[in-house]
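Below is one structure; the comments refer to it alone.
Just so it is clear, A, B, C and D label the chains in written order, and each chain counts residues from 1 on its own.
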């Protein structure tokens, strides 16, 4: 049990560090997914099936996907050209060590560590559901409301963006990267439409009826 | 002595599995020292599952090619072995002996990991399905949740494959795949939630147990598919599972006429075979779940047929669904990606949410006692789901002025 | 390890280079994709350089010429007769109509008049070719739409019957090389007319089956209606011809306009579309096939006996008098014309093809802008090109 | 627009699925190496040279006139005319091809050589299984490989060969009659030798080829 925990913990930590330090954003996101999986494994090790599976479903199935999707849509997963570590890394490390020491001190001296652990609960899904729907129903509703509001906000922002971005893509694309310009066939719009009209007119006698609309078109 | 015990245990195990008896592995495990038993037990459970589904995979590829051939008025593969039944072997050998090409600019590690990451969850999904009366690999309290959790993690693998290939078609295919799978996961889950709600359990074994009764003298099974919400849920589940397993008409991530092969473009040899296998395994898994949730799992359609071993029914239903998938594949053209997403969000999602309400109404009208209550309940549910179906269908096609057209003729 | 600086690795050459807009806004990134020349649905060696914003096409540049084989120059360096088999290879699905158009222009040049039976045979083979071409087109269009070969296989099943007819008539299934200046090469073999009648009779059944299979299919309708709209004025200005033009609602069919051959003796209608989208182009072809079946029934009923070649025509030492001629027919894909200048020698002085595929392809970008990648494939499919004719 | 179109389509595919078992007419393909579709009588593939009698070297009808070489669109025929002459089927001394090569990899099976040949010497074969490990030599067919007997020609193009034979026989009879008449005339009146001027020419085939002038 201890060994399994050690392996999972090490894997989670290493991938979390990698998620912070790798230069390629997609690699970072994938490492983050591994870290999420490690967390889920820990929950499962604690016999918390529901939380473990929900972790996989939500974090790997949705959050990690969302992250890589965002990366794809914005930067195409290009590695950043410079190092991800800032110049003042010594100060950062110092602060981190300091915070770690403080936290350790506080935790060790708190009364929580002296208390003996309660008996391990083994909640079934049914119990979790009952709890959520009775005792925790208000927080659940509040969270639902919050998420709905966030979703609506995101939709509104996206709709505004689309409205402002609706220009003539073709022109911008040409300006964007002087691509070999194709002689635009639309130019034919201004061309003379009379050639076919006269040809059909001369070669097809009057008993060759054409619908009204076509006459208009050809006469244009 | 030990060897004799071992073979006796092995024989007993096979006998008990074949005759639907519980505790099949007990005698065989008793041969081994207690510390080795968990591992042996796991091996005894896992290897038949992988073996059976690998065989089923081979058979299905043949069945698919033969069936599509017949649908298209061709003969289908008929060269390798009698009637071509050894075709999957030949395909497998070909796949294994082909050169494994990694593009020069590909991200080699991710490119290598993607098929592995895809294959593992698809096989894991088989862990919670009950194959027969006493054949459940892992009887888990949150089994359905487990199934969806591992199913969700396949998306990442497809993204890895598409991104690491450094091919534009792969990338487009991966983006399509993710968008599609996320969109269809929601109706997939919600349409199964109605079953979970009625059954009051996330455990597949419990859900099957609730469908084990028979009505009308043993001739009408108490399957959820025979209720209005169950039928609607089953159809939506099937459509969503077609999309989840990237089958036609939702095969847009690997639409060969547009994106060559989507995320599979740069894969060859064994890795390609792994992707291919994972796709079929995914199809089996999701069909297995559909059988479990809606078609009564391993229960026979009529009570007197319960004497047939239960796993026969499970696999018969599974293959029936697979044949339906093949039939659909042979008929319909492919949707476009935006239509696909529109369909998911504007049609499937509202309808599956509504189906939850229908299921709730069904649950609360169970107490109706007046004559004809059963029929009334059924009709109420059917109307509640049928009217929005027609309305949403009209709205979906009417929004773009899609109509039947008439044509003019000039003399 | 964390301090390593960025090195310009050789891989960066192969990166998918994102193209941002000139104003530098994060307005989605443009992806350039070269669809073709090795792509499953470009109908031959054809390339489209597509610039995508997400999946929307913002720019499309058709690149062709991969199959150029100097058809016109070769024709100017061989005799008139020796060009005939080369015309088979222009639009290799419709060799009969290619032969016909070329024979027609040479006949104009040399003043030959095919006898009546030959004209009937030409109409029968020409309309059978139209059936072949449209059948292939709808099959391939649905294949591009991802219908996994089922419609294509049904289409090929029917096409096979007509190709059998062509084989027993001309000796070859696709490269018929059948028409000659002033008539046809061989007379119909015994029993051919009955066989043709059977094939034509079963064709309506096939069309019904095909329509039942797909025309009402929701997916097909949703995929094709409103996609790749070609407005009639643009179609006329870009000199689009054939079913594509008629799908845009312009009533222009050379069979009616020119009445070449003996088309004025036949009763048939010209279907016209109102929207000019992919669905209309698909439907116009299906309807045209039904009209072709009508023409075929009349022609098979009325075909007279008689000679099949103008007695003035000669095979060896053919030298038309000095002059020029342009012969055109309503090919299955549009107006197919041959322009010839004779200087009195056995070889044409100038030989020019007016290929419908190429000219219909010029509006590809206009139809594709703002559509999805998936639509580009079916729009290209609905234009109905054969690269042998586009590149020549 | 509620899915009935898809259901209709699925019924149609199911009908075809069942039909492919019950109605073998629907299956258009044959299992190739075992079954073959019999060649149509008009079928053409690559040219061959016809010879009369048993000896391919002596009976070849070709007189190396090189018309086919000139008319061949892709120029795949190569002929070298012989120095000497040998008698043809009429008995008249003619040149014969010392070399007659056809490069099958260039040939496009257009049948123009057959149409322009005044001597019915080159015809189209229906053999299509010409795959060969040697892409150069294996596909370059010389006179000996091209020569096939008149019986073979009869076997593959029955009607056409019968017409050709009748025509040749008529010509031969005409030529013999003429020769006999010439001989008689010569014997009767050597001074009137001027009447034997016209050369035999092939009779025009009213259905296949326009007459050559």
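Following the convention adopted for this analysis, a contact is a pair of C-beta atoms (placed from the backbone, for glycine too) under 8 Å apart; a residue touches a chain by one contact, two chains touch by 3 or more.
What you are looking at is a predicted structure, and each value in this text was computed from that prediction instead of being measured.
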(request) Pick the chain whose C-alpha centre of mass, unweighted, sits closest to the average of all protein C-alpha coordinates shown. (result) C
(request) Give the label of the chain whose average Cα location is farthest from that of chain B. (result) D
(message) Between B-C and C-D, which chain pair shares more contacting C-beta pairs?
(response) B-C
(message) From the mean C-alpha coordinate of chain B to that of chain C, what's the distance rounded to whole Å?
(response) 43
(request) Please report how many Å separate the Cα centroid of chain C from that of chain D, as a whole number. (result) 32
(message) Between chain A and chain B, what distance separates the C-alpha centroids? Give it in angstrom.
(response) 26
(message) Rounded to a whole Å, what is the gap between the Cα centroids of chain B and chain D?
(response) 61
(request) Identify all positions of chain A at which a residue touches two or more other chains, and write them in rising order. (result) 76, 210-211
(message) Please output the residue numbers of chain B that touch at least 2 other chains, ranges allowed.
(response) 71-74, 171, 330-332, 397, 402, 408, 410-411
(message) Which positions in chain C are in touch with at least two other chains?
(response) 15-16, 150, 154, 157, 213-214, 216-221, 249, 251, 256, 272
(request) Note which residues of chain B are touching chain C in the complex, please. (result) 68, 71-74, 104-105, 166, 168-169, 171-172, 176, 248-249, 251-252, 255-260, 329-339, 397, 400-405, 407-411
(message) With touch defined as at the start, can you tell me which chain D residues reach chain B in the complex?
(response) 1-3, 6, 9-10, 12-14, 16-17, 19-21, 26-29, 31
(message) So in the complex, the part of chain C that touches chain B is made up of which residues?
(response) 11, 13-16, 31-33, 39-41, 52, 55, 142-150, 153-154, 157, 213-214, 216-223, 225-226, 249, 251, 253, 256, 269-275, 279-280, 283-284, 287, 372-375, 377
(request) Write out the stretch or stretches of chain B touching chain D in their complex. (result) 67, 70-75, 78, 327-328, 330-332, 389-390, 393-394, 396-398, 402
(message) Under the definition above, what is the set of chain C residues touching chain D in their complex?
(response) 78-79, 81-86, 88-89, 150, 154, 156-157, 160, 164, 167-172, 175, 177, 180, 182, 185-187, 189, 209, 212-221, 307-309, 311, 313-317
